[in-house]
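Please read the structure below before turning to the comments.
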């Protein structure tokens, strides 16, 4: 493993994008970053600035009003970057998109991977903090393999 | 007269000392993160990663700030189209370069390139002041509202901590001049403004403190100025109660908001240099510069000096980490008022303290301290 | 102010020996409830009691009745009858881990495990979240519509016959053989010709 890959694997800085969710996943993300789980042990720190971040944690159905902002936030991150979709809402639409035949809720802008490319999906409603840390580690491994 | 090292030694020191300073600064930063985490009941960066995780996340994180910087160096750099391009791009390099030059003027365990220069203390103070100036310039040039707020706060905080800092530093520098001819000498002779002279003074003299013979550390001779300087360094290093200009939850990252990739990496490097320069300056000024000239137990003196330097730096880092962990952030007006109240008062007492000591000694009053 | 600061310093020094952090990514996942789970020196397993993790499907036990689909609140489990097969698709991305499927399954073919590290990387790669399996269906002899899954039919006919009295068992077996090959609609239409009308079992 070269210096570049090592450096990227060792210090993933995360950014938490809250995209019109119920805040259940948000609380779990906050729990995953607190002293109880302390991801700073493996170099993960929370930066509330997309320009400093490597990994974006997205939660919530992305409401139609939120779509341009999510796109813009994603574009503000410098490459290489990775996106982690957290919770069933972010992955598939969850309860807001009950069935494909009936169509989604009228506010829904779609699951996250319809708007921006998603690298890691963390299922759960909400996922455990441990599952979120696991997702961040997997995203960091993906990030280290980028050019 | 200033006595310099031979030219080739000076050149070697000019190249090696900043590199060594960078890695020492990385270690100090890592220790601050670790100690702060410990005081908050966390673990902090893993120094020894458990065996089961080593294939995934590596074996140690002692150099965590170094990996952060390397990662930023391998990232894309975005520059806002509305930014003042020249100032925006040059500011971090100016900050890092001025601190590298400052390292040349500060003796580390007595080793220094330009430390014997007669005004090296003033040069160092100027070079350290360039860093807040570049931060102010870059925040204003980034054309971001967060950057503008960060610059504004940086200006006020700099004004607040720079006054006690400079008064304290100069009152300490006077000690070399005042205390040399302390008994019967002229009390108003100015001291040396060369840091090497200050270090050598502390190394070559010792004081008897109620009968005990201890090295002539200026922290004992002028504790008020030392405390004032430490308080100012907390503002200079943006330790917790004073991290107002780049408060994460208030102004996104202050002046650094629009910085990405390599430019941010250079700023992080400048922060680490600033940490190293500040701690070394404090050790040089007040803790004898960690300079030991005697070969105790047959071990070369520079190894003893290195050990003493490490211990003193760790003690300072411990103090800084406790302050970082045990305090909430001040508002900018509270910070300004606090600096105008306590550190400024302490540094003014520190300015008068040598004269009081000298005049007491001249009047024949025993204050328990005498220089040998 | 000074008093408060001293108290804070004491607190900071105390908590430096009182580390609250769990050893998650490295820790021991075995269950251990005898140790204290909070405070310093907590022996913690990241699998707590009653954790509802990833559902585990046993294709052997499943009879294909689709009771899990009908109770699934998040539409995680979906079924479709295509070409004489009942296709089950399970998309973990929608799952809310409520455990209703486990409750309802008559054959205990679905169970929630304690596996929680479910993060997967993209639909393109190997995706542990999507499970897909098929059950054979009985097709109607007359119209070709699906009747019921083969295994479910077998299990339930055996259960019915076992619970019936000795007197009617032979008669019922004949009826089941005749009626089991027809769909609901055809059964209704041909009830008279096949002598399938309601009997009184007494």
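Each chain gets a letter, A, B and C, in the order it is written, and its residues are counted from 1.
The working rule: a contact is a pair of C-beta atoms (placed from the backbone, for glycine too) under 8 Å apart; a residue touches a chain by one contact, two chains touch by 3 or more.
Just so it is clear, the model here is predicted, and its values are computed rather than measured.
A simple rule picks the central chain: find each chain's mean C-alpha point, then take the one closest to the mean of all protein C-alpha atoms, which gives A.
For chain C, the chain with the farthest CA centroid is B.
The mean-CA centres of chain B and chain C are about 62 angstrom from one another, to the nearest whole unit. Annotation: 28 Å between the Cα-based centres of chain A and chain C. Chain centres here are Cα averages; for chain A and chain B they lie 38 Å apart. Residue positions of chain B touching 2 or more other chains, listed in rising order: 40-43, 49, 53, 56-57. Annotation for chain A: residues 35, 38, 41-42, 137 touch two or more other chains.
Touching of two or more other chains is recorded for residues 20-21, 25 of chain C. The part of chain A that touches chain C in the complex is made up of residues 35-38, 41-42, 84, 88, 91-92, 94-95, 98-99, 118-125, 127-128, 130-131, 133-135, 137-138, 142.
Looking at the complex, you find that chain C touches chain B at residues 5, 8-9, 11-13, 15-16, 18-21, 23, 25-26. On chain A, the positions that touch chain B within their shared complex are 3-4, 6-11, 13, 35, 38, 40-43, 47-49, 51-52, 54, 76, 78-80, 137, 141. Here chain B touches chain C in the complex through residues 38-43, 49-50, 52-53, 56-57, 322, 325-327, going by the rule given at the top. Of all residues in chain C, those touching chain A in their complex are 20-22, 24-25, 46, 73-75, 91-97, 116-122, 129.
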